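Quick one: structure below, then a few questions.
A, B, C and D label the chains in the order they appear, each numbered from 1.
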């Protein structure tokens, strides 16, 4: 008898078969399940409906690549430095997927979820109701000196094109749920509280849509990282043909300016 | 004028639009391009045909998760140790995607590509021709004391179910190209040279199929890592609900046995 | 004129010289500055006194290796899986250096620093004064339902041998500052508040000592990771001669038990 | 009885003691063993002599930081992007420690070791003998179209100041062994073969010195990574006080130039 047993519904092999999520991998998954569907299935352990897959894949497309972000630059520089280890270049890029550049999706999903969980009784049934709830939430955030995640964008100051598009797709698939409803209401009411109009950004709407789809909140950032893995492969595909990594490196290194160290003080509080 | 310019066909933003691969991200990609298609497009910078997407996604399904591999265990243990950093858990898992456990796909694709590149004149047109070529290649590998990548599997000794399935899917989509043809022929002829019958494994057939699809050889391992990212998200989804990481850790730690160090010798060659 | 300039006191090269921290690397650093001293210097940008180096190196020794921790297992498994990339094996191990297993050092340093920063007027001058302060702090933590970092150890229930040792070394070097004083006082007074006696653990005392040395709080975890890098090299040195990675992997994989997926619910809050 | 046992000479704990490398950690290591000595001990599982520690620490100093290398930029950008995960920033930087930027140390150590292993009979006893051996080796490398690792530097074209310095330190400690002797001879004889004079670079001489010290060849790169971990902490210490990461990011992102994708061809070999 074994000391331990490790239950899993993921990949399992015997002499003649391989199962994944309780299905025959070769016959029932390969050639029949799209990669987006499979990723959703893995993340939620339930098979999604086609409409859910469409919304999910729209999110993945929205988050796959945003050009020369820190993560993209990191992957290119790591490939420059260690071309023998493509896994290192991808992993290094993903490590930039933290609170600042890729975290809004998770932050926004959690923020909306917490707000909805705090509602006593039934959720609103019309825009007026959602606006009322959103107003209370934005006021509270402002009172607490906190940002509302998903509001604002340094480039798309007049509106992030991904936001209305993802809302439309979710509506088409009848998956415009309470997280998206609340997020949209925040977009309508925040100017009255904050005194300025900010766009609902794409990373935020993705968090709202993923939360409506039932993705585990703990894995919203992981979904963004899956999208970004594809984007980083795109960065590597470009770097292979038209490399810029060395030029980026030299543009920093050749402009270094030696200065004296600036010592941290002894800390004697 | 800027010192430098960094050309890219990937994500680019202006006030009102975002483009990706030269398309309008919101209108032409989100909701219209599946994630598998997008990943293929990013990796090759060309939009694939539907049949190509189907073969590509079958490969991704085949490679997504193989149960409690080192990479899966690593992701679970890293999540146990640093639950605040989901990007770290995924990156750590991907770092196991090197030569031994995830590298067969790349090795096999390169091996077949090199063999095909070495052919003078036209490629074979029938099984007999492919068998002849395969025989020469297997003999040469044996002569050189090298393994033929993609041959053999520690569990599926009588045949890996993914192999015939992927070949069938490729054939259905009219994408059974020279890499797959040569790989299939290796499966037929190797017993005569090696004196035993080995299965063509799933990782190998995936490399052959990806090479036939025109994926850059430098990125075959990256495609395997994309598939594995989805699989590792599945591992985390399970770990969140039914954690085994701590039990794995303790099963090692509690069975440690202190011994004396075994010094490396001074090297005085 | 360059668009940008990047000032740095770190490595800089010209045709005939290399400087580091404003010194001639070859003549003034190599052969004259120990690695512990150099690491301290790099982290604080000021050259430490010999006593500071001794305390710092005692901390590094205390944190270097704790046997088969998740980080050690992760490094061994990643090396098993990708032996071609030693940087990947080390990086993967370090990624476990998060909140749970390596974070206590940072948490404790920050906790003590915050407590000291909150003191109005002069700091205590004797044990009685420190005990009074510690009592207030432990009571407040208990009230807020928070743990006091650095208290408790799952093995060393009657006392962690590193704690008195590091305090003694700090005292010998006249570097027993307010963070250590407060930490020691917490050790004396907490039973009266918590109703049980917990050991002051080694990770915690290291955080206190590093804070007393003036290491930046943001880098306390980084110091622990530097120590652990040496430890992981030790793990690899053992794995090379007496490998256990494959046995660990198999002990999990062979004890897998296939179960049905346990679907996450749709979230319709 | 346990299923498995995992022997280790590294960290082990019981109720009252902690051992490391067979010693009492608190009493015999902390405060008595410097970090450089401990790292050497961990890597070789044998306690080094003081002279060995001095050479080893000179190597670590030589490799700790080289300014705005790709690894340094990567760590700064990852910290910018994910400041919540210092372990991610360090790990990402280390992942650049591959074949190109940090690999010379390992490559050179292995190259010299292989050359020495190929000598029939006794090793040379004087410079003339070493020159003869070096000449044969450089000629063979040139014949095979291979580079001699450790030769050449893009900045220090007239000589890398670390090289004579490390050789002098090794000689002072009576640790100038065959690897260094052969490396020095390569420096003397290569112009006659290559038709130009190249400097013996610092990364290369470090590999030679480490090999003479008996460090496992498989871990030479790991030693370079340990040195670099300290250097990256220095980079983070600067980034915290005088951040340049965002400016580096913007210097790339704002100079992006959208172009059309450049499709990879279908591969039909």
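One rule holds for everything that comes next: contacts are C-beta pairs under 8 Å (C-beta built on N, C-alpha and C of every residue); 3 or more make two chains touch, one makes a residue touch a chain.
Keep in mind the model is a prediction, meaning the values are calculated, not measured.
A.B. asks: Superimpose the Cα trace of subunit A on the Cα trace of subunit B, which carries the same sequence, then give the rotation angle to the nearest 5°.
C.D. replies: Going from subunit A to subunit B via C-alpha fit gives 180 degrees.
A.B. asks: Looking only at C-beta pairs in contact, point me to the busier pair out of C-D and B-C.
C.D. replies: Higher contact count goes to C-D.
A.B. asks: Can you check how far apart subunit C and subunit D are, centre to centre, with Cα atoms defining each centre and the answer in Å?
C.D. replies: 24
A.B. asks: Please report how many Å separate the Cα centroid of subunit B from that of subunit C, as a whole number.
C.D. replies: One centre to the other, that is 37 Å.
A.B. asks: Would you give the residues of subunit C that are in contact with at least 2 other chains, written as numbers and ranges?
C.D. replies: 2-4, 6-9, 12, 21, 44-45, 67-68, 82, 84-85, 87-88, 91-92, 95-98, 102, 216, 237-238, 241-242, 248, 251-252, 256, 262, 264
A.B. asks: Can you list the subunit C residues touching subunit D in their complex?
C.D. replies: The contact residues of subunit C facing subunit D are 3-4, 6-18, 20-21, 24-27, 29-31, 33-36, 38-39, 42-45, 54, 56-58, 60-62, 64-68, 72, 85-88, 90-92, 94-98, 102, 155-159, 161-162, 164-166, 168-169, 172, 202, 216, 218-219, 221-223, 225-227, 229-231, 233-238, 240-242, 244, 247-248, 251.
A.B. asks: Quick one: which bits of subunit A touch subunit D in the complex? Just the residue numbers, please.
C.D. replies: Those in contact with subunit D are residues 2-3, 67-71, 73-74, 77-78, 80-85, 88-89, 91-92, 95-103, 237-238, 241-242, 245, 248-249, 251-253, 256, 262, 264.
A.B. asks: Could you list, by residue number, the parts of subunit D that touch subunit B in their complex?
C.D. replies: Per the touch definition, subunit D meets subunit B at residues 2-9, 12, 19, 21-22, 44-46, 82, 84-85, 87-88, 91, 95, 113, 116-117, 123, 177-179, 211-216, 251-252, 254-269.
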